Amino acid sequence: MIHVVESLDPAVVKMDIRDLNVYYGSFHAIKNASLEVADRKVTALIGPSGCGKSTFIRALNRMHDLTPEARVTGTVSLDGTNIYDQSVDPVVVRHRVGMVFQRPNPFPKSIFENVVYGPKTHGERNRNELMACAERSLRRAALWDEVKDRLFKSALDLSGGQQQRLCIARVLAVEPEVILMDEPASALDPIATSKIEDLIGELKKDYTVVIVTHSMQQAARISDLTAFFLLGELIEVGTTSDIFTRPKDRRTEDYITGRYG
Amino acid sequence: MSEATLSLEAVRARSARGVRARRAADRLATGLLWTAAISVVLLLAFFVGYIFYLGVGAISWQFLTAPPSEVSAGGGIGPEIYNSFYILILTLIFTAPIAISAGIYLQEYAKPGAFRSLVQFSAESLATVPSIVMGLFGLLVFVYYFGWHFSALGGALTLTILNLPALMRVSQEALASVPSTLREASMALGATKWTTITRAVLPSAVGPLTTGIVLIAGRIFGETAALIYTAGVSVAAGKGAYDLSPFRPAETLAVHVWYTHAESVVPDVARIGNGSALVLLAMVLLFNVGARIVGRFLTIRFTGKA
Amino acid sequence: MALASPGRLHAAAVRAHRTEFVARTLLRAASAFVVFAIVALIVYLASEGTKLFTHDHVSPLLFLFSPTFNPDANAPGSLVFIVGSLAITLFAILVGGPFGIAVGVFLSELAPRGVVAAMKPAIEVLVGIPSVVYGWIGLTLLVPLIRTVTGSNGFGLLAAGVVLSVMILPTVITLSEDALRAVPGSLREGSLAMGATRWQTIWNVLLPAAGSGLTVALILGIARAIGETMAVQLVIGNAAVLPSGLLSPAAALPTEIVMDMSGAQQGSLLSHALFSMALLLLLIAMALILAVRFALRKRM
C-alpha cells in the first residue's frame, strides 16, 4: 500500500509508473511500485541500502534490457507512451531519458570526445555543430570554465567531481527530457557534492530529475518530491516537506528518525 | 610411572624437535623452488646465448640476401626471409577478421546455449590439434583437392586455421579487460551494442589485443610442421623467388632450418643451419619485445592513460 | 536544435539497428566458420586416414600392434612409432611435469611481485622459441653431449625426452600458476594460522585444492609433447624399430609422418598409412580434450 499525498495534475506528470515489478531470476526485487514523476521537478528516491531504489530507477530507461536474468512487468509511461511497448525503440528511450551513474565513468577519451559521444552515435557529423553542442552542454553542467582550455586532453585527468560533472554534460549533450541520477555524489567529497547539488537545482528548470540518494539530508536539500522505498516496495511518496515533517506511514517515520538505515 | 615421565618438558622438547624439522623442510623446499625458478631463467639465457654464439659467424649481408644453393656451399636465406614475412602477413590477413569477430561474438553477444558451447568446444579442439596433423589437412585440401601444389596461400590458410583459437582467446581477454561500466555508460547514452563495441570497448581493448597479435605473429613466424607439406621446401630460382603471387612454393626460414639438416646435400649444412636458427630466433625475440612496446604505446594513444 | 528533432533521431536509430543486425550476422558467421573448420578437419582426416583399412585392406590390428613397419610389403605396423611417442611423452611429463609445477608453485606462492614480473616475459620467450630452434640446440649440443657421456651415438629417446621436457615447461608452469592462484586465500590463511609452515601449507592444502587445475596443466603438457614434431625429429634418430632403451634411436608418430611424407605418392599405401597415423594423433588429441573437461568437471 502506498500513501500518495495527492495525485498530481496530469498536465505535470512526465513519467507515470504503474504496477512495476522487477525480477532478477526468482528474486522479486521491485514489488508493484506505482509512482508519478512530476515534470521539471526533482523527485528523490530514499530508503535503506538494498531496498531497490537503484533497481527501480534502472527500469525507467530500460537498462534492465542489458541484464539477461532481469524481467520487468508493468508500465512505465513517458508522456503517455509506455516505454516497454513492443513498438518502442530502447535506443530512443535512452536518448530521452538519460542516466548518471554512482561512480563517474568517463570514457578513456578526451573531454570533447566524451561530451559529443551521444550526438555522434546519433548521427551528428558536423564539426561546428559538435563544438557548439559541447560548449553548451559543458556550460550547463557548470564545467566549461574549468575545461575550456583542455578540451582535447584525457577526461581521466579530471578530479572525481569534475568527471561526474563531465558525465552530466555527456548526458545533457543528447538533449534528454528526464535525467536519472543513481547516487551521483556518493563517491565525491563534500565540496564536489555541493557543486553537484547546486547544479541539480539549476537543471530542474529545464529537465525532470529523478535522483536516488542514500542521504536524507541531500533529499531534503534538493528535492521537491520524495518517495520512500523499503525491501522492494514503494511505501510512501509526497512533497519533500510533508515526507520529512508529517510522514503518513510508520515505517517512513522510523526511517526518517533514524531507527534503521 | 610411565605417564609421569611424559613431563611437560619432554612434550615441549618433542614438539620443538618437530617444529625444527618442519622449519628445516620448509627451508629446503623454499631453496629447491627458488633453484627451479632460477634454472628456468638461466636455461633461457643459455639457449639464446648459445644460438647467437653458434650462428653469429654465419651472418653476413650475402647470407641474408642470397638465394639458397642446392648442391654447393655458399647458399643464403634471402628468399626464405621474404617468404616468412609474406606468409605471416597473408596468414594474419585471414586470421584477424575471423578470429576477432568470433571473439567479439563469444565475449559480447553470445548467450549461454548450444551454439556458444559448440563454438567454444570447436576452438578448444582446434587448439589441441598437433601442427603436423594440421599440415596434413592442408596437404589434403589445398595441395591435393584444390590442386594448388605447394603454395604460399595453402600454407597461409593452413596457418590461419591453426591460429584461430589463439587469436580468439586473445580477443576475448582483451575485451574482458574493459570494465563493464564503460559499456553501461555508452548504452545509457542511447548507443546500440555494436556502436558501444566499436566506439567505446574496442579502443580501450586495442593495447592488449595488439600485444596478443604480435606474440601470435612470432609463433607464426616460427611455424614449421604445418608448412612443410603445404608451402613446400623450395623457392623458385632467381628473381622469381620474390614473387608477389601466392600460388607458388614458398619455403620459409623455419622450414629451411629443418630442411637443411634433414634433406639438403650441401657441404656447409652446419653454417647454414646455425645462421638460419640465429636469424629465426632473433626475429622471434624482436616480436616478443615489440609486442609489449607496441601494446603499451597503443593503449596510451587510444585511451590517454594506463 | 536539430539534434533533438524526432525524425532525425528515429532515422539515426533505424540506421544503427540495421548496422547492428549486419554486424551480428557477420560475427555469427565467423564463429560458425570455426565450427566448420574443425568439422572439415575431422571429416577429411577420417576419410583419408581410414583408406588404409578400406582401400588397402590392412587390418587395424596390424596397423596398431605390429612391430614391423614395412609398407612395401603391405605391412605398415605402427607400433614402433606409437611406443616411441608414448616413451618420450612419458619421459617429458615425468621430468618436465614436476619441474613445471614447482616453478608454478614458486611464482604463485613464493616469488615477490618484482620477480614474478621479471619471469613472465622470460616464460613468454620460452613459449615463443620455435621448435626447430629447440631441435637445433638439441642436435648441436645435447646429442654430442650424450654421445661423449654414454658412448652411444647420442640420438634417441633420451635426447628427445629431454628436449620435450624443456618444451612443455612453459605450458605446465603457466597453468599450474593459474591453478594455484585460483585457490582462495582463506585456505592459506587458515593453514598458516594453525601454525603450519609455508611448505606444509603448499603440500597439504594448496596442491590438493588446486588438484584439478594441476591435472589440466599436466594433460595439456602431454598434448603438447605428443604432437611435437620438429624438435623431436632432429634428435630422436629416426629408426623405425622398437626402442630397447633410453639411448636407442627411435621414432615417433609425428616424426615418421614428417620424414616419409615427401617420398609418399598420393594414394599409395605409405601415404595412407601416414594419414592413419595423423588420424591416430587427432584421436589422441581429442581424447585429451575430453580428459581435460572431465578433470574440470570433477572440480569441487
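In order of appearance the chains are A, B and C, and numbering begins at 1 in each one.
In this text, a residue touches a chain if its C-beta (ideal position, glycine included) is under 8 Å from a C-beta of that chain, and two chains touch if they have at least 3 such contacts.
These numbers come from a predicted model, not from an experiment.
**Student:** Suppose every chain is reduced to the average of its Cα atoms; which one is closest to the average of all protein Cα atoms?
**Tutor:** It is chain B that sits nearest the middle.
**Student:** My parser should flag the chain pair with the most contacts; which pair should that be?
**Tutor:** Maximum number of inter-chain contact pairs occurs for B-C.
**Student:** CA centre of subunit A versus CA centre of subunit C: separation in Å?
**Tutor:** Centre-to-centre distance between subunit A and subunit C: 53 Å.
**Student:** What is the distance, in whole Å, between the centres of subunit B and subunit C, each centre taken as the mean of its C-alpha atoms?
**Tutor:** 13
**Student:** Distance-wise, how many Å sit between the C-alpha centres of subunit A and subunit B, to the nearest whole number?
**Tutor:** Each chain's C-alpha centroid was found; their separation is 48 Å.
**Student:** Which residues belonging to subunit C are in contact with no fewer than two other chains?
**Tutor:** Residues 13, 16-17 of subunit C each touch two or more of the other chains.
**Student:** Can you tell me which residues of subunit B touch two or more of the remaining chains?
**Tutor:** In subunit B, the residues touching two or more other chains are 190-192, 195.
**Student:** In subunit A, which residues are in touch with two or more of the other chains?
**Tutor:** 91-92, 95, 121-122, 174
**Student:** Where on subunit C is subunit A touching in the complex?
**Tutor:** Of all residues in subunit C, those touching subunit A are 1-4, 8-13, 15-17.
**Student:** In the complex of these two chains, what residues of subunit A are touching subunit B?
**Tutor:** My answer: residues 61, 63, 66, 68, 91-95, 98-99, 101, 103, 105-110, 117-118, 120-122, 153-157, 167, 170-171, 174.
**Student:** Please name which positions on subunit A make contact with subunit C in the complex.
**Tutor:** Interface residues on the subunit A side: 89, 91-92, 95, 119, 121-124, 129, 133, 174-175.
**Student:** Touching subunit B in the complex: which residues of subunit C?
**Tutor:** 13, 16-17, 19-20, 23-24, 26-35, 37-41, 44-45, 48, 99, 102-103, 105-107, 110-111, 115, 119, 121-137, 139-141, 166, 169, 173, 196-200, 202-203, 223, 226-230, 233-234, 254, 257-259, 261-262, 266, 274-275, 278, 281-282, 285-286, 288-289
**Student:** What does subunit B use to touch subunit C in their complex?
**Tutor:** 22-23, 25-26, 29-30, 32-34, 36-37, 40-41, 43-44, 47-48, 50-51, 54, 97-99, 101-102, 104-106, 109-110, 115, 118-119, 122-126, 128-134, 136-137, 139-141, 144, 161, 164-165, 168, 190-195, 215, 218-219, 221-225, 228-229, 233, 254, 257-258, 261-263, 270, 273-274, 277, 280-281, 284-285, 287-288, 292
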